[in-house]
Amino acid sequence: MVQPGDAITPGTKGTPATVKRYGPLARLNHWVVAFSLIALALSGLALYSPYLYFLTGIFGGGQTTRWLHPWIGVLLFVSFYVFFAQLWRANLFNRDDLTWAMRFKDVVAGNEERLPEMGKYNAGQKFVFWGMSALILALIGTGVLIWQEYFAVYTAIETQRWAALLHAAAAIAIILIWITHVYASIWIQGTMRAMTRGNVTAGWAYRHHRKWLKQLAGLRRKTAPQANAVEHTKAAKHLGL
Amino acid sequence: MFMPNVPVGQPVPGFSEKDLIKRSASSVPEPARRLTEVAKLIDISKCIGCKACQSACIEWNDTHPEMESFQGTYMNPHDLTPNMFTLMRFNEWTNPETDKLEWLIRKDGCMHCSDPGCLKACPAPGAIVQYSNGIVDFVHDNCIGCGYCVKGCPFNIPRISQTDHKAYKCTLCSDRVAVGQGPACAKACPTHAISFGTKDEMKAEAADRVKDLNSRGYKNAGLYDPPGVGGTHVMYVLQHADKPHIYNDLPDDPKISSLVQAWKGAGKFAGLALIGFAAVASAAHAVFAGQNKVTKHDEEEGEALTGKDA
Amino acid sequence: MTQPWTDIKNTDLAIVMGGNAAEAHPCGFKWLVEAKAHRGAKLIVVDPRYTRTAAVSDYYAPIRQGTDIAFLLGVIRYCIANDKIQWEYAKNYTNISYLVKDGFSYKDGLFTGYDEMKRDYDRSSWDYQLGADGFVQSDMTLQHPRTVWQLLKDHVEQYTPELVERICGTPKDKYLHICEMIAATSAPDKAMTSMYALGWTQHSKGAQNIRTMAMLQLLLGNIGIAGGGMNALRGHSNIQGLTDLGLMSNLIPGYLSIPTEKEKAIGDYLATRQFKPLRADQTSYWRNYDKFFVSFQKSMWGDHATKDNDWGYDYLPKLDVPAYDILRMMEMMNEGKVNGYFCQGFNPILSIPNRAKTTAALSKLKYLVTMDPLDTETSNFWRNFGIYNDVKSADIKTQVFQLPTTCFAEEEGSLANSGRWLQWHWAGGSAPGDCKHDTWIMAQIFLRVKKLYQAEGGAYPDPIVNLTWNYADAEEPTPEELAKEVNGYALADQFDAKDPTKLVAGKGKLLVNFSQLKNDGSTSSGCWIYSGQWNENGNNMARRDNADPGNMGTFLNWTFAWPVNRRVLYNAASCDMQGKPWDPSRKLIEWNGSKWVGNDVPDIAPDAQPGKVQPFILNQEGTARLFTRALLRDGPFPVHYEPFESPVKNVINPAIRGNPVARIFQADVASFGDASEFPYAATSYRLTEHFHYWTKHNRVNSVLQPEFFVEISHELAAEKSIQNNGWVRVWSKRGEVKAKAYVTKRIQPLICDGKAVHVVGIPLHWGFMGAAVKGWGPNSLTPVVGDANSDTPEFKAFLVNIEPTTPPAVS
């Protein structure tokens, strides 16, 4: 699946070809999300365990940590779902993802050649994507229920107990996913620039998201050299991708 | 003999930090001495619902409850609040056995549990403490206002102030007890429905009361000192100890909710362990599997696909 | 109270009927809780509402307000029928065996001598048959048809359990259970205490309510004994002191009375008050009336009260009517006959019946002076507060002077509790702003009035200019000076009555107690019953020794109880005819062969022989009165009458409305409603969280009970579609209020004479000033009807209607 703005920038002499993956707004959006989650994890973990209570120091003490955390949660929720709106289509699962997942051993081993060709996102990324989407929903839902200052009066304490328990569980889950996510972007060399510079090398795209690259390449041939995003989209639709 | 409202002897004056046996989100060393456990005994069969205890509590703690409105009951304010640590709750109950009306009036407030759910839930080190005499106290300097104590408490006691965002509840007048005085509410109670002394004394007094109530036909009279929370340091004499819930939902068998146990129990360590594991596993993977790098071949193929353009 | 509060711990059975002891007297109530906890005492509550007293009772029964006489006469009937009478006591210590004049009779609700026009009786036939010796005739066999016993038996015969149920609405089974519990205390070693207050007094037959129980207690032998007695739980912390000190329009201190205008000379006055004994050997204590009176006059006018001017008898005002009570004052004010009024610690706008009338009356004054620590409704009666005080301010010309005073906590002095203990207290703080002690204000007024009289003369300046005023600072007498003045001084050396060589109080010294009072002008005492409160031993009211050697709750070294530090009145009746306690385990006093000794100060001469001098020495018979002679205006025996406004007809005497001699003013007759228009039986009362109309100025009290409400049953609520906590309008012939409804199981419809009577309960604490939510009290609704004897308004039984309504607009 190709997304608006995805485009190949052909290489010239000395500069290899790159493939554009994220526009500046998308990247800004991602980093807001990333920052929020980190802040949430730190502030949340501070309350999660006495061993980590010292983390409240980062936020200026327990009281601030207590009130700030949920507000950052709101920021995370909003920014994530803005991000989500841009990406969700590309993260719809397809048949290849099943194959990919079934060959997870090869994924971990980095035997990419034994995996099916991937679109813009592989099944792992999609899992991260949907996992985060679901957990953020769960976190905002449970988080609001235990948000003492504004919402505690509206629910029964038993409900709040459930919420607290689930919030903590969801928090752990999302942190695990986040670790995976970050690790993956480090482990797979050349990934980080997708979120920093916005593009990846053609080689990276060929190795990890060949189908996506092929689609982009195919598109490129079918459209004018100065192809713009709008046309890509139209074309993509036309191709039924 | 008529017992004075406040014990003449000083049960355990002068306790302080060094008598802590529990401290929220932290641990304390075993104290050098163990104080005698104290208790407040609330005898519902002697309570006339006059609310002198409530006003004494307001006065002593210098709280400023809101002026509210009539609520369709004699109970006021409408609930425990950060400014109202104790509250008379009224229930008009028709006894199905005798078909007689009984007006059950219960003084609600912190029970000073031996196993305090509030303290268990509290994430802030030292915001809730328990002294070896049994008093569970909130230390406001350390409180962050998260409201976890509310969720932890099996009796729905703590209230979080919207003004200073700290948790409030009955202190068992720890500040008075520390200087050899009984709680303000006990002192004000005109009928001696509230007494205060060592836990053993209070149990003995309760036994005496239960005998009297039995003789008056309350065959299920008894002491409410629920074992589910390890016993409490505020206890009730109930005419119908077999059904505490008729006293405005006094829990029949209170214990720290299993949800809270799960939330605050082993799950916590499991969570941290998982996070640690994930981090370590990632690092290990990086070490053993090496980075997933783009090969020369990939580069060429990529270039080929993005091809020297038309 | 005949007992001290502390004696309640000695009881076996308490009956709280006509009061709500736990809510209105929580601190005293502790002694009952103590009796329950440690004596196994039982508590019965009989009240139209299930109160907080009922919440800790052993047995509760409802009663329709205003029907206690029928209930209690029925209990007497039960005791007679089941022979539950303490016979030795009743025969010897009451007038049960005395013969009543032949002219006396009772028929159809009326006694001999009724005059319908005057609404009064000729009471001359209501008396004993006296012998030639002037002593009362009696028949100890009780067989004579004119004995009190025979008359009483006839009188109560009518009040069967069925009739009681029909009148009172008390279910028969509950009623009989209570009869049985009460009757069991006729055993000589069992005691019942009766605790009552306004549920009995605030009726047009209030005094008779109390008498009926007194009669029952006498038949059971429960007066004078530990744990027994008739215990009027008094109101304001010093209302006992108020009556003791004669702050009533018809009294002077110590229950001496103001002369009437017919009593032109001191001789006329004393003749009707110095009762001669009606039995041989009997002490009649009021024989000493002249000593108390002359000593009072000496304390008032000192050297200006001399034998020659009849001890200043002319200085005293003389009454043209029985009393200038508050209802009469308002009536006169409303008629334009009063033009200035002082309200000292009094908030009549809220506290007296028919607020519309009170407002109209105050509006006709030239000036109103309020002396109060608070900004009361009365001080602001002329200001418009929307629906809460909807007056036309522009039309009210009354000039109001507000004099801020201190309150009890800011001054030193003594308070008399219900148990007659004079307890000294010290100022707990100093007063804010310009507040002054009441004594300072009154001294200022007095000194200025005196100056005016001195300067201008006037019709009769003598009582004012001659008034004794020898305080160190004339501008402000101190509590100590006043207390000593009340105690009394020896104006000449006083010697022991039995040993004239023994000096008991040298000239100028404080008297030991009232036994030294003389009728020759050599002693002074402001209030004879208080004599002993501050003598040469010091301030006895400040004593705080809580030792109780006999463990009888007498605490003789704690403060001072009048009279002469006696704790239980009539305590000689706690012993049998040999002077031995009826119950040796509860010994107050006993005869040791030569004198009375024990844990209390004997209420009899120390050497008065048991069996000879009977214990009720304030009665000229020496015995207590089951038949009260002509002392009450409405009959020597109590009779059931309905309240003036009653939801049902008087089933035994349908022709009689209310108490036939209750005090009503012609002008108010038009303002009485009846059951066709106002079908519900209302009553008014206090709640434990508040004190009248002034704790609503205190935030803490107000928080605990913030807003006006009325209490009704679920049945009435359903009938009228009223929701709990919903708004209702309640109205009577005299006005209306809006309130939140408290729909409660604690009020149940009473089935009286076959039909359901719904009770509407109206607590009284709200108004338009203070910290609490604005509201009304019951007195926008209550009628102006006074008790036949005390003029106490009928606050406890009146008629209203009720309907759901919308909340008042917030103002």
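Every chain is named by a letter (A, B and C) in the order it is written, and numbering of its residues begins at 1.
Rule of thumb we're sticking to: contacts are C-beta pairs under 8 Å (C-beta built on N, C-alpha and C of every residue); 3 or more make two chains touch, one makes a residue touch a chain.
Predicted model, so just to flag it, every value in this text is computed and none were measured.
Taken as a contact graph, with one node per protein chain and an edge wherever two chains touch, the assembly forms an open path, each chain linked only to its neighbours along a line. Most remote from subunit C, judged by the distance between CA-atom centroids, is A.
Subunit A and subunit B have Cα centroids lying 42 Å from one another. Inter-chain spacing, taken between the CA centroids of subunit A and subunit C, is 85 Å.
Taking each chain's centre as the mean of its C-alpha atoms, subunit B lies 48 Å from subunit C. Put simply, subunit B touches subunit A in their complex at residues 25-26, 123-125, 142-148, 150-151, 156, 160, 162, 165, 257, 259-260, 262-263, 267-268, 271-272, 274-275, 278-279, 282, 285-286, 289-295, 298-303, 305-310. By the touch criterion stated above, subunit C contacts subunit B in their complex at residues 9, 22-23, 26-27, 29-30, 33-34, 36-38, 40, 50, 52-56, 58, 60, 687-689, 699-709, 724-725, 740, 742-746, 771-773.
Listed in rising order, the residues of subunit A touching subunit B in the complex are 8, 10-11, 16-17, 19, 46-51, 53, 56, 61-63, 65-67, 108-110, 112, 146, 148-149, 152, 157-158, 160-162, 164-165, 168-169, 171-172, 175-176, 179-180, 183, 186-190, 201-207, 213-214, 216-217, 220-221, 225. Interface residues of subunit B, counted against subunit C in their complex, comprise 2, 45-52, 54-55, 58-59, 64-74, 76-77, 92, 94, 100-103, 105, 190-193, 208-209, 212, 215-216.
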